[in-house]
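Both of the next two complexes hold subunit A, though its partner changes from subunit B to subunit C.
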Partner chain A sequence: MSALLQIERLSVTYNLNGRALPALQEVDLCLAPGEKLGLVGESGAGKTTLASAVMGLLPRGATVKGAILFKGQTLSSPLLARLRGREMVLIPQNVYNSLNPVFSIGQQMEDLLVKAQLPRQKRQQLILELLGKVRLPRPQELPGSYPHQLSGGMKQRILLAMGLSRSPSLVLADEPTKGLDPVRRMGILRLVKELVSRNGQSLILITHDLKAAVYLCDTVALMYRGELVEIIPASCLLTAGLHPYTRALLAAAPERGLAIPACGEGPPSPAAVQGCPYSLVCPICLPACRKKKPPLFSVGPGHMVRCGKVA
Partner chain B sequence: MHKLTFRAAALLLGLLVIIALLGPLLTPHDPFSQNLDLRLAPPSGKYWLGTDELGRCIYTRLLLGTRYSLLIGVVVVTVNALIGTLLGLFIGYGPKGMDSAVMGIIDILMAFPGMILTLAVAGILGPGLLNMIVALTLLGWVNYARFVRGMVLSLKEEEYVENARMLGLGQATILFKHILPNCLGSLLVYASMNMAGVILMAAGLSFLGLGIQEPYPEWGAMLNKGKNFLRAAPHLAIFPGLAIMLTTLAFNLLGDGLRDRLQGEGEVFLIKSEKG
Partner chain C sequence: MLEFRQVEMVFRSGRSRKKAVYALRSVSLRLEEQEIFGLMGESGSGKSTLGRIALGLLAPSAGEICWDGTCWTRSMPKKVRLAIQGIFQNPYGAFNPRHKLAYALAEPLLKHRLVRSKEEREAAVRVMLRRVNIDEGCLDKYPSQLSGGQVQRLALARILLMQPRLIVADEPTTMLDLSIQAQVIRLLQTVQQETKTALLFISHDVPVVTALARRAGIMYGGRLVEVGLVDELIAQPRHPYTQVFLAAAREQTVPELQQGEQKEGCPYVVNCRQAGAECLSYAPPLRPVSGEHYVACYWAGQCK
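Here is the complex of A and B:
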């Protein structure tokens, strides 16, 4: 089966007042149609940068190397402008500010459907259908309401409805449950899983929550300082994670005693480290790790690790 | 208290608009007919605000003058706001090179003393209503462009704008449906305060003889005439002066009131009219 999204040796460098700040380093990823991938890592690991690079929405001044292929086509600005919203969408992480405060929900949803060239009545019917699909209570009352009148959970469902309105084949969800309480969080995760599975859409879920990734995804990719350190089938993550960083993250889960992983602030820039970026804080680091970066190598079906010790 | 001043300002402005529209119907006198027997007559039952040096009813002339002042204010502010807003939107949202280039020109224009340029242009073009409007719009748009550009720069980083981009909305839709409507509130506050400045400036130009000419009654020109009779008949200068003051005060209070309503109380919001 050909890949829906293929990322080849993608590096992104931000320019911070003339200083180069590498955010992603030679990331290779492949996403099959209908596959659900979880991107996990601490803040600053490059998860959102990866999603922005796929959507072509990196800030000005960012340097991109490598290639991103969508359905076999290399992504370029004109192609991205055609694909965004139709073939791929990003569900934003901040639900509170992601809806325009001066327009009603109905107007904002209608903007998305205008290009579908449907008559007005049909559009409104479609909006109600979409709002019903994300299980919002009393959907018929919602189109007239404004964002400030809705709760965080409702806004997230509306953003989800907006994202899925044109049935994209790739959905990127950037921490879709950020800022929601545990009950709402579970509801949103269940809804995302159900909607995406029903339509056979591919999903890239960016999250800090390992359990959410295991629940929703087929594969989980762990990132540390702009690099992929482990790609593992979600079902094996909690038991068979091999990279010391994966294990540190697992040990930090509340039910396992909240062991704060030794991530440290690390060097000022990942590029300053010659070898493995995790070698500075790694408990099982070998002398060779500090000199040369180990490659990602396969340890089982769908399971790859970048660790000198495991090799 | 805030609400009260806002309402008072809105009421006063409503009244001014009615006067501007109905003007001549509210008085039995003709604003142009002279009665030399009644020169410089003080306020009386017949002539509520007295008469001027040619025996014309000051009350009637003030009513008609409202038209000119409001017309100049509305036209100048609308034209300035339109030009400045469109330009501000494009330079704020467009490529950085264009922004730097246009902002360079705007900075040069702002370094030029506006009053002197306006006076010079009004002097070159000659007196008259249209020429005065041209002189006032020549540099007036600059502040709007700067103001809107600043707002666009911050609004385009807002998450709902980012979200609109991710949902595949076109640039024009994002600019005019997501960024512009969010500028409008502050723009309205700025425009209402600017209106006061423009009316004051227009009165100033007429006072200097560069605006509307006799026999048409413009408040600034009336004030200019009145200054010659300050000792003998102070009412000639006092009433046009009061009219100018009340109108600018009303627009400033309206701006304050709008700001409080649109921005929420207690929020510091730095907008000050350059001239008002």
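Here is the complex of A and C:
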């Protein structure tokens, strides 16, 4: 089967007041139709940059190298304009800033459907159907309400409904469960899982909730400072993670003893690191790692690690 | 040490204050000296409201709060206010972005005239920086130049300068990365062991509370529905809501909860499978089931 999304040697560099800030370095990723990929890493790892690059939403100063192919076609801006919102959608992270406060929910949802050239009656019906699908209580009352009248969890569901309204083949969800309590988090995770698998859509879930990624995804890709360090089948992540960074993240979980990982704190240093980016803090680093960046080694079916020690 | 006695909190809004939100309903809770108490519950369950009342930022609508035998209803005595300090979810919000950290950290000492000389003040700040493991170079910086984890640690350093006897930590790690969260939680643990302050840790992260706290409470709909030793609570939750809450935290499939507008009676009644007539009319009080384990459910222990 051919890939739905193929990312080849993608590098993104931001321009920060004349300083070059590498955000992504030669990322290779492949997403099959219907595959669910979790993109895990800490702040500054480049998760959101990767999603923005796919959606063509990078800020103007960013330099992009490499290629992104969607269904075999290289993404260019006219193509992106056609695909965005139809074939691929981004469900943004910040639910509070993502809905317009002065328009009602119904108006905002209808705006999306106007372009689909459906008659008015059909549109209203579809909106109610969508609101019901994301299991919002009393859907018939919602189109008339405004964002400030809804809770964060409800807004999250409305964004989900809006994202899925045109049945896209690729859904990118940026931290959909951030800050939710366990019951609501589980509700959203289950809902996303159900909706996406029902329609056979592909999903890229951006999160730093390892357990959410395991629950929802087939594959998990771990990122560290703009690079992919490990790609692993989700079911193996908690037990068979190999990269020292993956292990450090797992050990930092409260139920595993809150080990303080040697990740370094703060934004990534703009100075280009020779060799493996993790070698600066890596506990098992070899001298060779500091000189040359190890490639992604295949260590099992669907399991790749960028680590000189593992090779 | 700190005790809430049937504390109620009603937020009124709308024309002629007719709309009322009952944020807390008859909450009674005692925090012991030197203990870490974890307060869990969904968003809107009233856990932050209780924290804000503990800090004296809100005056309860009814009920009484006691500290070492002194009780009050409306305004917290100043002596108590100084002994209870808080850290919050957004550490950047705790600092004035236009003040350098040297001033920000020394400000409480200046304001409350806790030190006599400049040297003494600077020494106290330096000691605190060492305690939270942050380089002195940060004193010349602004909060925006530091990472979230560093600023949260500095916020902790600043309240520790007040030598509090109780720290209220309201979701201090929700915004932080996993590795930084581990740092902050570890730091809270060491600080608590060294200074023997009590800690009221508000969070909806079950693993974090389990790792940190000795006792924990679960809130739902403005009521405290279950209190007990953390290990006991995790192993044998009695209240049906606690059971759902803990199962969801373990990625188990749980039913979706309806929002109930329950003025009288048990707040969980709309979602409860075993609710009887008495649950509708009277909210069950917290009753002991064993040792330190209390639950507010008529069916406690027999629930499936």
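What to note about this one:
The criterion applied here is as follows: the second predicted complex is superposed on the first by the 305 of 311 C-alpha atoms of A that agree within 3 Å, B and C clash if a C-alpha of one lies under 4 Å from a C-alpha of the other, contacts with A are read in each partner's own complex, and residues count from 1 in each chain.
Assume contacts are C-beta pairs under 8 Å (C-beta built on N, C-alpha and C of every residue); 3 or more make two chains touch, one makes a residue touch a chain.
Note that the structure is a prediction, hence the values are computed from the model and not measured.
Superposition note: with subunit A as the common reference, subunit B and subunit C can be accommodated side by side.
In the superposed model, A:Arg306 makes contact with neither subunit B nor subunit C. Centres of mass aside, this uses C-alpha centres: at subunit A, the angle toward subunit B and subunit C in the superposed model is 80 degrees, to the nearest 10. Look at A:Leu180: by the touch rule set out above, it reaches subunit C but stays clear of subunit B. Once the two complexes are laid over each other on the shared chain, residue contacts for A:Ser98 go to subunit B alone; subunit C is not touched.
Set against each other, subunit B and subunit C differ in how many residues of subunit A they touch, and the higher count belongs to C.
Of the two partner chains, subunit C is the only one that A:Glu255 touches; subunit B does not reach it. When the two structures are aligned on the shared chain, A:Tyr215 is found in touch with subunit C, with no touch to subunit B. By the touch criterion defined above, A:Met162 lies against subunit B but remains apart from subunit C after alignment on the C-alpha atoms of chain A.
Taking every C-alpha of subunit B against every C-alpha of subunit C after the fit on chain A, the minimum distance is 15 Å. Subunit A contributes residues 42-43, 135, 137, 151-153, 179-187, 189-190, 208, 210-212, 214-215, 248-249, 252-255, 258-261, 263, 265-267 to its touches with subunit C in the complex. Residue ranges on subunit B touching subunit A, taken from their complex, read 96, 158-160, 162-169, 173, 177-178, 181-182. Residues 55, 57, 60, 81, 83-86, 89-90, 92, 94, 97-103, 111-112, 159, 162-163, 166 of subunit A are the ones that touch subunit B when the two sit in their complex. Those residues of subunit C whose C-beta lies close enough to touch subunit A in the complex are 41-44, 146-150, 174-175, 177-183, 185-186, 204-208, 210-212, 244-246, 248-249, 251-254, 256-259.
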